[in-house]
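See structure below.
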């Protein structure tokens, strides 16, 4: 029952957001804020972060903090490149998962078997992952076609599909710049035009993860290990096994995120190309309060703002208006709830954004790069999170000791 | 006897760790078709005088960075933002010092204070967001890192001095330079004056944590937030204060190098120390003495690895793998040894308790 | 599946193997920037020049390579070890070496140093240092001309890796060249990162930026973004037929994948190989280069490539502009 | 099924279990008849829980054999025990707070009915059959202790256990809840289940058990039938000495008000009232007892008085000073001692040595500190004093708190909170989980201090303790004080009725 209410709330919020974006688009003429290209780019930017975040979700739901996502992701980029080069992109995806899983296995070994502090192990894995990917690239890619000691480019990319009728129709409608209709058409268009099957795989993995973790026996057991491993153990759950499974899957997911970077976000491997996306994924997961929906929202927020600022700095200016309106709306809502101070702060901020929007024509391009980071901070600061992480997240667990 | 056993146990962990790390590293090198012997003979050769100076200097930077991270860890705060904090602080201090608004040493002291202030403020934002809005410091410091680095790039481009293809802050006047002490040839370079800052901060850290009320509160909060609250600690205040402190220390990370060698913020700015610091803090178990070893080890490996490409065909990336492996191996070894020692300890407790109980007269067998 | 192109283990694309060089020419120390030999770019260009010196001058060599986030002292060390080892000249690749060469050179007055892209950071001249500078703006001007001539939408783009003075030089020249052909042309400019050097290693960022430009109607995009450039090429491939990308530093048509090749209009050439070779040969001749050496159009230090034959129809026009630059009739700006 | 089974359900023979340096069990022999309630008693640390964990497969015995339903078995994990029809409710709740009742119940037993609708109806059915009244979709964190206890039992029943181990299930329950639990147990017994029951409350044992086994120092020291033994004899068997119980002494209450609460209301983050309009005073030399079923706001009330929670409305005065706005530290400095309910979470730094634990809560007061500095020597010698005076069994004051047994941890806390002449002591369940010897000692300390003018707020689930120690008892129900009782005249049954609201109609 609670879940259904939540769904309604989300639906309302999403609808409100689309309406507002559409209105702002018409008002400012910044049609780039939700064009087909923008949405497609946002999806592409989101996927690697999302996979890392889902990886984090797996691991932390089983009670293991995985700060090593970045390292596992890096290993994934290498794995994707290596296996794609020799066996094609789908084996490459598998290779990314495999290498990421190896990183996860190392983390599981350290944290579960040896009971090492999770953060220490994660930090070590990040160092090892980066070092190993460079080392492996130097050892295996230097002499390949398109390869060098730091890169392997021109890899085959997973199949892309366009759904003929729908794609064209959506594009036609989106180009009309009508209110609401075009915005929805953009969404449809982005999902039917030149869509990488890897993106579909990512979506499937996210949904499958949510289903497995919350709807299956396996998931229940896994989550119980993150909430109260002693209780799980007392009921015959092999906690170590589930933690191992979770952390290995976590690594694999992060690795697949790395694979996406190497195969879809661009067509090649470059050392260090993850560029902190593993950490962003971690942030997205915390943002999402250790739940798949919120995590996806967090990844999308970041992916959208990041790709928007890279594609089209002028549209970033329109974001100011959106933020301003959003803030004022929130402020009014808070005011109705009787939270005056919060309402005043938000209102003032909102007005500031509106003034900024009205008095300028563009955001200085030097600042555009900060958009995703500031947006994330802003959303978090305003949402006033009541974070609830799994109760036994990050805690050492030793079999037979806490019963 | 017992003490000896314990000492042996505490030395055991690092020794096991180093051996394990060496074995793994050797394996990696051999697998890649190079000679592990070459690698170790380079790494373990006596550093030349210049390298010793560099190791000392680098140790000081890494050490300060690790302290900054450690103070957060001791409070269960994960300040990943050291990187951004010291970047912004270094830029601010360099700009102020470059402006040469003050004479002589004042032009050192005030920029140092500014660095402390800027670092503290940047970290304080994360602290405030955490206590007022419940934003996880892990997220906010990651975001603040990116913002700081972009901001500095922007400011430097806009207000910096453009020389050739580079841009930097104004070079500080001779009178504000603190080059340090030359122990070997002049060309081997000096140990920077402000490297002593690391020492001071380390002692200060130790005293603060172990000898003061404040330190007690901080450690208590880190060990058990609930117990700390019940004991009267204002945890929100502690979160903000320790973030401020962490950021303040972070602000100083690059200062020895700045006043000792770089003299301006530009290509000579050494990025990445914030992340190294986190690893070293964890390696040193967030203890001021432990961190010394970690910092020396990292500085040593980095410096020696410099010679790898010149003298062998082994990739320097191997060193990174070694460093990561050491961190992991050390903590694993510590854990194994800790388990062993807990057993020892419990045995002693039980033995002594048994000793106390034995003579109790009230016990009598009943059937 | 593809095949390995060569089977030698430690030689990159440039084919320099210092271990086997055994002539009696100059002993050269080559200090690479981050990435080292095999980076398919800058460092490889230097290595190629060195390889030529090995062949033609009987030079021998040693190599060192910078690491990410290394301290200034590490760069100095590298140079000193080479100098102590009797290497002369010592060629440092990348302007990040400017400060360290300036610090080290006075201690080794008998050794000649060169810094590619370098500059003297202080007022005291160093008379044993050569600063091998390039007129990237001039080369970029020419590819800007090519872009403006080829575009069908009068809309082109530029993707820079990091917003610093060096990359701005590329932007300035490119925009000037394009506007020389068509004053009304639209040029989108985007830097992937403001100051973080990771902007040179983020192909996903390069692709996102370039895709945005293509989506907005640009049909030619020039990149000066290092390894991120491969993302720009990918964006051109995705944008479909009739869209172009322009490479940088070396002739990137040669290293691009089969898919990318049809989209690589030309590349702006920066002849680090020439400069490196010149430096070595000047030492061999006993008259080491010193001070600022400008490798501009006039000295064949920069240029453009024609591989693929996509600009064969306009080379005459481009060359006209080149002549004007050489003669000084056109002054190419160095900052946007 | 017939309640009079002929065979023995469980036979434990020669069981021994050694932990590093500790012999938890040795030479244990117990026979448990099928279809009976078998009580296991013994002082703290006697090895009861360990023995049960062995029977449930959590621990492996070093020696001895286990026979279940006539077959010798070896258990590698709880799974094996569960397969043999054994279920266990642990001394400490083994529940995941953030999961629903349903999820907690089906966890590990998904094979039976899956985790979906079938499982839900199975849970609902058991819940109705035994009158548990549990909502399968409720989050466990929203449940009170009584309900949690029932979830634990439901877990066991869901697995079809026929041999049910209950390790101190009544420790946190009030008499009425105990009664309803016992009703449940009797039904179970009638259905042929075998129940192993551990308790420190001898009345209960005599009430419910068919057989009683007594353990001391790791081994079985005696067996008894409830109809042929008295409470007194049982206690003697257990501890080898007489059973203490707190005795009311002459009143030492003065006229001086030490603590007064006026209309104190406390709300949670969502605005729900946890305590409403609480008003009372405690005088110097007076012990005010608060009786209440756990979860009725007493924990929040205590946390409010010590300053860990904010008052929504109302005032709190200490002596003549209004301390409503003070922080916890200021309150402690003003002389409030605090024995928290959960000693490990709120009272100790488990990984710090004892002398540092002496400082905790007294960080600003001598002898722990000198100005801004920690006074290690001062804290150390005062810790030595506590260890001696309060008989804390520890090898040294450098030992970490974690290494002490629960009772000794509690004694350390009591000693600490009594030092520095507090004016007010807030004691939450000061003797919970403490063995009888230590219990008597702690009562003695509280009485002594009261005589010296200490005001005490006492919260306890042990009604005998409450009646024996208090000068006055207030009953708390749903966050309100609903009645005052004179301990001289009140019985536990009266209190229990007031605590559950059973007397609301008449009051």
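Labels A, B, C and D are assigned to the chains in the order they are written; within every chain, residues are numbered from 1.
As a convention for this text, a residue touches a chain if its C-beta (ideal position, glycine included) is under 8 Å from a C-beta of that chain, and two chains touch if they have at least 3 such contacts.
Keep in mind that what you see is a predicted model, and the values were worked out from it rather than measured.
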Between subunit A and subunit C, the fewest touch steps amount to 1
Taking each chain's centre as the mean of its CA atoms, subunit A sits from subunit B at a distance in Å of 30
Chain-centre distance (mean CA atoms) for subunit C and subunit D, in whole Å, is 75
Whole-angstrom distance, CA centroid of subunit B to CA centroid of subunit C, is 37
When centres are defined as mean Cα positions, the distance from subunit A to subunit D in whole Å is 45
Where subunit D touches two or more other chains simultaneously, the residues are none
Multi-partner residues in subunit C (2 or more other chains touched) are 9-10, 36, 68, 163, 193-194
Multi-chain contacts in subunit B, i.e. residues touching at least two other chains, fall at 150, 153-154, 157
Chain pairs satisfying touch are A-B, A-C, A-D, B-C, B-D
Subunit A residues touching subunit D in their complex are 1, 215-217, 220-221, 223-224, 227-228, 230-238, 386, 388, 390-391, 400, 403
Counting only contacts in the complex, subunit A reaches subunit C at residues 32, 35, 37-38, 41, 44-45, 48, 85-88, 138, 142-146, 148-151, 153-155, 194, 261, 265-268, 270-273, 275-276, 306-307, 310-313, 365-366, 369
Contacts from subunit D onto subunit A in the complex sit at residues 53, 56, 58-59, 77-79, 82, 88, 90, 94-99, 103-104, 106-110, 114-115, 137, 155, 269
Interface with subunit D, subunit B side, in the complex: residues 210-217, 219-220, 223-224, 226-227, 229-234, 343, 345-353, 356-357, 362-367
Residue positions on subunit C within touch of subunit B in the complex are 9-10, 19, 36, 62-65, 67-74, 76-78, 80-82, 95-96, 98-99, 107, 117-122, 131, 133, 162-166, 169, 193-197
